[in-house]
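The two complexes that follow have subunit A in common; it is paired with subunit B in the first and with subunit C in the second.
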Partner chain A sequence: MSSLDEKIEEAKKLSMHIVKESEEEKLMTLSVGPQHPGTGHFRFIIKLDGDYIVNVDLDLGYVHRGEEKMCEYRNYFTNIPHLERPVIHDSANITYSYSLAVEDLIGITVPRRGQFLRALTSELDRINYTLYWLAIYGIFLGHSTMFMWPAADRELVLDLLERLTGHRITHAFNIPGGVRNDMPNNFKEKCLSQINYLEKRLKEYEHIFYNNPLFRQRTEGVGVLSKEDAIKLGVTGSVLRASGVPYDIRKVEPYDIYNEIDFNVQYMKTCDSFARAYIPFLDVRESCHIIRELLDKMPESGDVREKLLSNIKGPPGESFKRVESGRGALSYHLVSDGTSRPYRVKISTGSFRNIIALPFLLVGSKLGDMPAIYWSLNYWPIEADR
Partner chain B sequence: MNTASGFIRALESGTRHLFVKRFTLRYPEQKLKFVGDGYQFDPKKGVGIAGLRGRHILFHDKCTGCQLCSIACEGIAEAIAMVKVDEQWKQNKKSIMPQIDYGKCVFCGLCVDACPFYALYMTNDYELSSYTKQHLIYTPSQLAIKPIDNGEVEIKIDSRGASHG
Partner chain C sequence: MERKSEIELKKKSLLLSKDILNSVVEKFGEKVNVIYDKRNRSKIMVDPEIIVETSIFLRDNHGFDHVESASGTDYPKEDQIEINYHLGSYVNPDLFPYVLVLSTKTSRSDPKSNSLINIFPSVEYFERETYEMLGVYFIGHPRNERFLLPEDWADIPPLRKDFRLKGR
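Then we have the complex of A and B:
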């Protein structure tokens, strides 16, 4: 090799180094959060090249409360109030699967009317959660009307939940063995009229938000998560269904009385942010339909709760149960060693499994698309951190 | 749907909303009406009676000082402490009754489920704010007072939308 070639090689190396350094300088690091990037405490560190996102680093765990460890120091009943704290708007679903797991462990079945009431609160809470989520999605995209309308119409559902369970949020209504109390008088008529009115309002949401060309332009073709990627990443719930997989645990593994209920699994094949925003909305519609069906098929009277000792002892063994929550599969794995407290409780939530897809979706998109992609993942930070 | 008709539909929907009733509860002037007199529990049937879970009401003539409510609260909020009272009741030999700290209480109502003597219920009273932490601790004599229930507003639905009356 001649000396000239060596010099050229050296120059090349040098120039590469120079280019590399200047590229590093070109990137800007942006920290979104931890003070409420949307709702809850959570941060992601974005590296930007101009307007394009080149790297995303998730920083979770700001609201970790140690729910799983707390379960090991409380008995099967006193676990209920603290377990619903991660998702206060969807607290019926997060205690639903826990109750199912405990019932499976000690081997009891809930009275039929109790099962219907459980499903009813579960569907009401799904609507409640989704409307709240939709309100925040509206304000994320600068659509302040869409913040006001669902926030006001949530009142219809909250009023029903207050009548039925005694609280607007954090109901502590589902417990191992059934539900805490029966329906109050005139609840059926009240529920039907308010749910029918809510369904009418949903049509207006479609006019002002989903069919609005501005909203469509911001979400259509943005953050595409293909069917194969969705299955590989292990996302659940509305995110999975928006990627063209008709998977709903209420249909796949029906729990309680869901095998008697006739409903459709909503899914779309467009795989973009619009589909992920639209599927929860379609779920609300389907929930309204399910509520009417539940009220229709519910037995007129009967027990709602299996009487259990307040200090029940689970036989040694394991149980695993999951339900479809507002954000996807929500499962509990319970291990008992024969004492009155669970030996180990593992909670797996839809939020945590959906947020894993965020770095894959954000890389390559513009910073302006970040809110539309981030909140379409149907994510609740506190539930993900548990 | 093309862009123009989409915009027109959205604007029309927004404009129509100008004539819909306002969905606002004017809180201190208006108060919500609840079902029943608050959450209660029937220990014989083992089932509760639907109602709002506000602050508790304690019936001194029924409380036996058995501490079951205090034990039920262990691991949840630990808001209930058993304190000595001056009154003498036949069923309450030790003269102890629950005192509830509403700075800690989470209003789950599991203490009501635990009471086997129909002595502890919950009421529709939800206005518990105070200037000091000390005032949030309700003594047995404070818990015996029946709250004034003056809520009268309910959600009404008519052709001009839903509103609080």
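Then we have the complex of A and C:
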């Protein structure tokens, strides 16, 4: 037996589950990562209103290895092999600033030929890293030719590095006091011929990639980071220079022999993703020029390293040294307490400083622009997590 | 010729850092200690209560606009944690090669410090990392929470000296 009143009661109970849509529930949450999105494990959580991004939360730390803690347990030399793990393609630069910091602490200078060899490896690694980054940028925008070409040409640079240091990546070549070994006899000729070839290829890259209407459409005017914002957020490297600040550590605070090298700081004033994608390419072109100059000016013979004991002890004190890596300023803050191990090592990397711009640029843009913006930031998760 | 210009650069950088350090000491008096003044690098130690005022003064009067790095160092013997901000400038070309280390100290048992996030927004992730790795609570920072370590981390902050690596 069911009266009308009972039916109404039942309907009321049912309608309890029907909730009016609130503002919060209109948003969709999307988790990007933490599977390998190309460079390493990293996640960001995006909130979407329709096609537009309204909130971004970064979740770093999937590849955190505690490099800074590990440094406190090893001496100044045994630290080198593990310190280059955060960015294996650019390992010459990440050990470069460490070596500079240790040399500053114990007060030694590197022999002139050693300084040239360091700069040479550093520039070759910058090319190596940038070609790799360019390849992945291409594939993420659906341009598979742009994946194949730099990935293949990178092999030539790796061959050069193997001849010079003995390893394709993770060279452990820079050590406090100089470099590990001298360059082989016929290296100069080989290097020049490869660089000539690479420069020819760079012209083709520009034609097929940077002048490609599809690529330009996806990056031009997308993710604009104004000069003021770039300065405020303290970004570095290509991201900063794409926003119109001509700041390159090699120029503003020359280390080793960079004050004798004539080169231009590459910067653009358009502030968009295209500028951030184009600056590293211009840097590679400039690196080719620098390598040629280095090989030309390098002294014919001489020591390449200051001989040091393996258990060097720095006097108590601290030093802060930085270099321009493929992703911007890379600096070490070393604190010594007079023992053979560093007391504290702080690594400040370009990736860690640039990723602060990602939430800033993504909020308000369309989801489809996300890959173009993310890759233009030149971000390497492993280096950021350390 | 090259040597001469090198010496001139050195002189210029020393004069510049002297100007900055003198003006800070003049403004804040005994609360500021100059630890060292080397070429292109200087370090000042300030009292914890004036860290915000000092950084506002450095930003507005000398053009420091971002941090190159920010970190902490644990000193268990003195029962203190030192917090370092490495300040740099992208606006003032004279300051391009110069890095000023702004430091302060806090006690180890109750580590707290005023956050500089409103003066230099670039400290955001550096301070979060320092909170996690050394346990220093930054007053005024919106997110003193888990960052790089695993979500189920249940130990003391790992960059403290009494945290020992296993097997070492």
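Here is the rule we use: the second predicted complex is superposed on the first by the 365 of 386 C-alpha atoms of A that agree within 3 Å, B and C clash if a C-alpha of one lies under 4 Å from a C-alpha of the other, contacts with A are read in each partner's own complex, and residues count from 1 in each chain.
The rule is short, and it goes like this: a contact is a pair of C-beta atoms (placed from the backbone, for glycine too) under 8 Å apart; a residue touches a chain by one contact, two chains touch by 3 or more.
Given the structure is predicted, the values throughout are model-derived calculations rather than measurements.
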- [ ] Could you say whether A:Arg322 touches subunit B, subunit C, both of them, or neither, answering first, second, both or neither?
- [x] second
Open item on the list: Let me test your reading of the model: by the given contact rule, A:Tyr73 touches which partner, first (subunit B), second (subunit C), both or neither?
Closed with: both
Task: Contacts of A:Leu367 with subunit B and subunit C, given as first, second, both or neither - done: neither
TODO: Kindly classify A:Asn211 by the partners it touches after superposition: subunit B alone (first), subunit C alone (second), both, or neither?
DONE: first
Open item on the list: Output check: A:Leu60 vs subunit B and subunit C. Expected answer is one of first, second, both, neither. What do you get?
Closed with: second
Open item on the list: Looking at A:Asp385 after the superposition, I want to know if it touches subunit B, subunit C, both of them or none. Which is it: first, second, both, neither?
Closed with: second
- [ ] Identify the partner contact of A:Arg344: answer first if only subunit B is touched, second if only subunit C is, both if each is, neither if none is.
- [x] second
- [ ] Would you mind listing the overlap between the subunit B footprint and the subunit C footprint on subunit A?
- [x] 73
Task: Residues of subunit A that touch subunit B when the two form their complex - done: 73-75, 77-78, 80-82, 145, 152-153, 155-156, 159, 162-167, 170, 172, 180-185, 187, 193-194, 197, 204, 207-208, 211-213, 216, 303-305, 307, 310
Task: subunit B - residues contacting subunit A, complex - done: 1, 3, 6-7, 9-10, 12-14, 17, 23-25, 32, 34-36, 39, 46-53, 72, 74-77, 106-110, 113-114, 122, 155, 157, 162
TODO: Please name which positions on subunit A make contact with subunit C in the complex.
DONE: 60-61, 64, 66, 68-70, 73, 230-234, 240, 245, 247, 252-253, 260, 317-320, 322, 329, 331, 333, 335, 343-344, 346, 348, 352-353, 355-356, 385
Task: Complex contacts: residues of subunit C adjacent to subunit A - done: 2, 36, 40-41, 43, 65-69, 71, 73-74, 84, 86, 90-91, 96-97, 99, 101, 120-122, 124-126, 133, 147-150, 158-159, 163, 165, 168
